[in-house]
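Take a look at the structures listed below.
Two complexes come next, and they have one chain in common, chain A, joined by chain B in the first and chain C in the second.
Up next is the complex of A and B:
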């Protein structure tokens, strides 16, 4: 069921894409293609989360995990978390203001 | 997907294998270039601009950054990578294979969707034609031109669809896209917000923050389309559009920051050629509400048809966030003025597709306004910019013709008339803002009404010489 997959959003907003989020998205797509055999994750781009000063931002939903300042070097650990039972990478969380995070969760939640 | 960057029209759609289409587009190309010369940025043709040019898709880098003269910009046709065995994921045809040809019965409806989207692209270039002469910095000048050339590329993306999938009718529509003019009384652009003048940079920043953001939501809804070429075209356009939105969001944010810095120092912004918060608020009111109207009526049989046919989905429909991909037997609830009070209005969900998209847009706008307000708080300014209610100042839809205050409370017509001067820009306000617009051409120098950006472009520093004048 599509609806039960975890959504992995890579921000492609102006600041994040300047920092290489399009390329990071492509690398992550390759890694998930190779390692997410169970198809637990659905990788998507997102136009902007508003945490621009902390990009590259990667958001997991419905987990409500907000990764910031993500670099290519972080991808192996992120993929491990996405495909296994590992914990979120705490060093990449908590960088954007809580109210910014909440707005993003409100944007992603729908009553329909 | 093969990318041909050396072709007369750079593309990743195998144009060379379709000589008839290639000839048709190469016939349209000089007309586009004439239109660009006539209505695109005035002057600056010989100047070298540090621009991003789309060169493909994928992890090898989708864009190239380099100095280019705008008339030499390589406008190309790029679609996002196809998804194998893609299925339509909403509406009545849910589960069917996505279409790679236009279903005959949907031809007119789909053409209208494409033309309406396409018409906004050249319109915004025309609206911003003269702004380069008052750019507050080199990086802002570069950003303006980046937005302009990419809106031109978006026109190419839509014209490709018209030529390839809509035959003679599509070719006629492509010609008409170059004939209409923003603000022209006899042959205006289709949507009203794209006929409003953009004569100062605060307007440009509000336009890119609010009106281009409508574009993001329309493109995102079309990116869900069951018509696969449209979905892939708009997906790629969204990649470029994100920068335009950040130009607006950061641009207004920088105006707010400069004003806040001055207020924190005890300086009246007006005394030094900066822009007071009350004028910024009026600009936000003007451009946010005219952008609300771009979504169309909240209760719309056209929107219901576009959804049920599988042509236009809900925002992020493909993410599986919605409970029912057919949107049947559900009710959208909102509030509307009746006899001077707010009353509940129920709309069958399928007829409320524009309202749903508008709600997502409004939440996104609330996010950017909140960001500007954090800047005010950081400078200890005890005031906030407010985003108007979706009911405020609406010309169309269920609230069209009704009168509400910015918070969405019903007002009598007399109350509204007596207060509107507090809410909307006057000629005096606009004249003042225009008086602040001074051209700055030295690297790392900024007009006094706007703070420098936090970062430069593509790893270049803010002080980089983004425009080299000839």
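Up next is the complex of A and C:
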């Protein structure tokens, strides 16, 4: 049913939500509703990515892009990438440890 | 006849006079008349293990305390009995505070400590009152001369019972477990060597000193049976008792009268299936059967009851109880809780693989053992009762509802 949609996960864990991830999720939802007419993306919340000290964390799957320290100000560029052909925002990647990224990919591979 | 549980549930607190009439504080005098080494050897012969959950040999802990070089050393009596359902430590302090104090004073002698802190949860008002009164009585009578003894209050937060979280609280900070090493025996309270010992563990000591190691053997532990048993309450259970005898004879069987489906020795232990009921209750045998005795806060699940919902409750508890300090623990407890919420709601999914993966990733990470505690019941539920999960996934609801 998901087809080939990209899954966009926003962490709703303790640290990330304290940093405003719930509001960021809502803002992203509005932006995608407005700009993702083709329905390329499906937005979801995620319980915790284990990258708490680098929140807010946003993960794209199956692209396997792990964004950290995401701020509201980053959303326009993120949405542009999600809805167009732009590249991932490199400045937001590579902040969490590799093993943390890997367990997240392993879990997402199982459908979690 | 009970060796430790000498006071019935409804009894008043044992006074100093009653304690003395029963030979109280003679064990402390006897211990002090010998050497620290002799005392520790006696405790080693008794094979007493810590009753807080980890089962660490008491003599080894005392030897570490004795060998530590420092002017000031401490004993912390850990009454941070935060395990839901367990109330044996509270009972011991509330009913027989002098026995606990005497055990702590003997531990202080063995380790060379001059300071004792009784760490009790702030809502244990009966135990707190009894402890304060007993400290006043025994200090006035001179039985605890040379020792500085005080009560420190723990918050009700689950993780506050972890031994280094206890040290943090006593020092006036929030209950966050410390990174180890150093262990408390090396650098504990205020950076000084500290022997942290569970209440029940210390309560056993006067009897062992008075009557000898053979009196204690094969050993016994206090178990709190919750209301899933027909006869709930605190029971003194000789080690080696089979789990079947624990359930049927001591616990009076299951509350609903149906056969046992699974047994949970503590919330933080793995489920044991009915096929493990002939396992003798020893640390080694329970471990070999795939679980852990913990602090003996037993719960039984009867035939017809659903493991999925029970496992989901436990997972929610650990998610809410982790302290938030270590990201892997946050991630693991949140992941497991979500897995079981989905399973309970009947969403199909690779639940076993998900919990196995996150548990393998987080094992050994974090400052305390809560990570392993959350994984144990979750993994065992999935491994032992896959049918319950399948039934949830097929029908979208609990098959027993």
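Here is the rule we use: the second predicted complex is superposed on the first by the 108 of 112 C-alpha atoms of A that agree within 3 Å, B and C clash if a C-alpha of one lies under 4 Å from a C-alpha of the other, contacts with A are read in each partner's own complex, and residues count from 1 in each chain.
Simple rule for what comes next: a contact is a pair of C-beta atoms (placed from the backbone, for glycine too) under 8 Å apart; a residue touches a chain by one contact, two chains touch by 3 or more.
A quick note: this is a predicted structure, and the numbers were derived from the prediction, not measured.
In the superposition on chain A, contact of A:106 is made with both chain B and chain C.
Of the two partner chains placed around the shared chain by superposition, chain B is the only one that A:17 touches, whereas chain C remains out of contact. Contacts of A:50 after superposition: both chain B and chain C are touched. In the superposed model, A:80 makes contact with neither chain B nor chain C. The partner that reaches more residues of chain A, of the two candidates chain B and chain C, is B.
Counting contacts by the rule stated earlier, residues 13-15, 47-48, 50, 52-53, 99-100, 103, 106-107, 110, 112 of chain A appear in both its interface with chain B and its interface with chain C. Those residues of chain B that touch chain A in the shared complex are 58-62, 89, 216, 220, 238-239, 241-247, 249-250, 314, 316, 318-324, 327, 330, 332, 349, 356, 360, 363-364, 366-368, 370-371, 374, 454-455, 457-459. Every residue of chain A that touches chain C in the complex is listed here, in rising order: 13-15, 47-53, 99-100, 103, 106-107, 110-112.
Within the complex formed with chain A, the residues of chain C that make contact are 324, 327-328, 330-331, 334-335, 337-339, 349-350, 353-354, 357-358, 361.
Residues of chain A touching chain B in their complex: 1-5, 7, 12-15, 17-18, 22-23, 25-27, 29-30, 42, 44-45, 47-48, 50, 52-53, 97, 99-100, 103-104, 106-110, 112.
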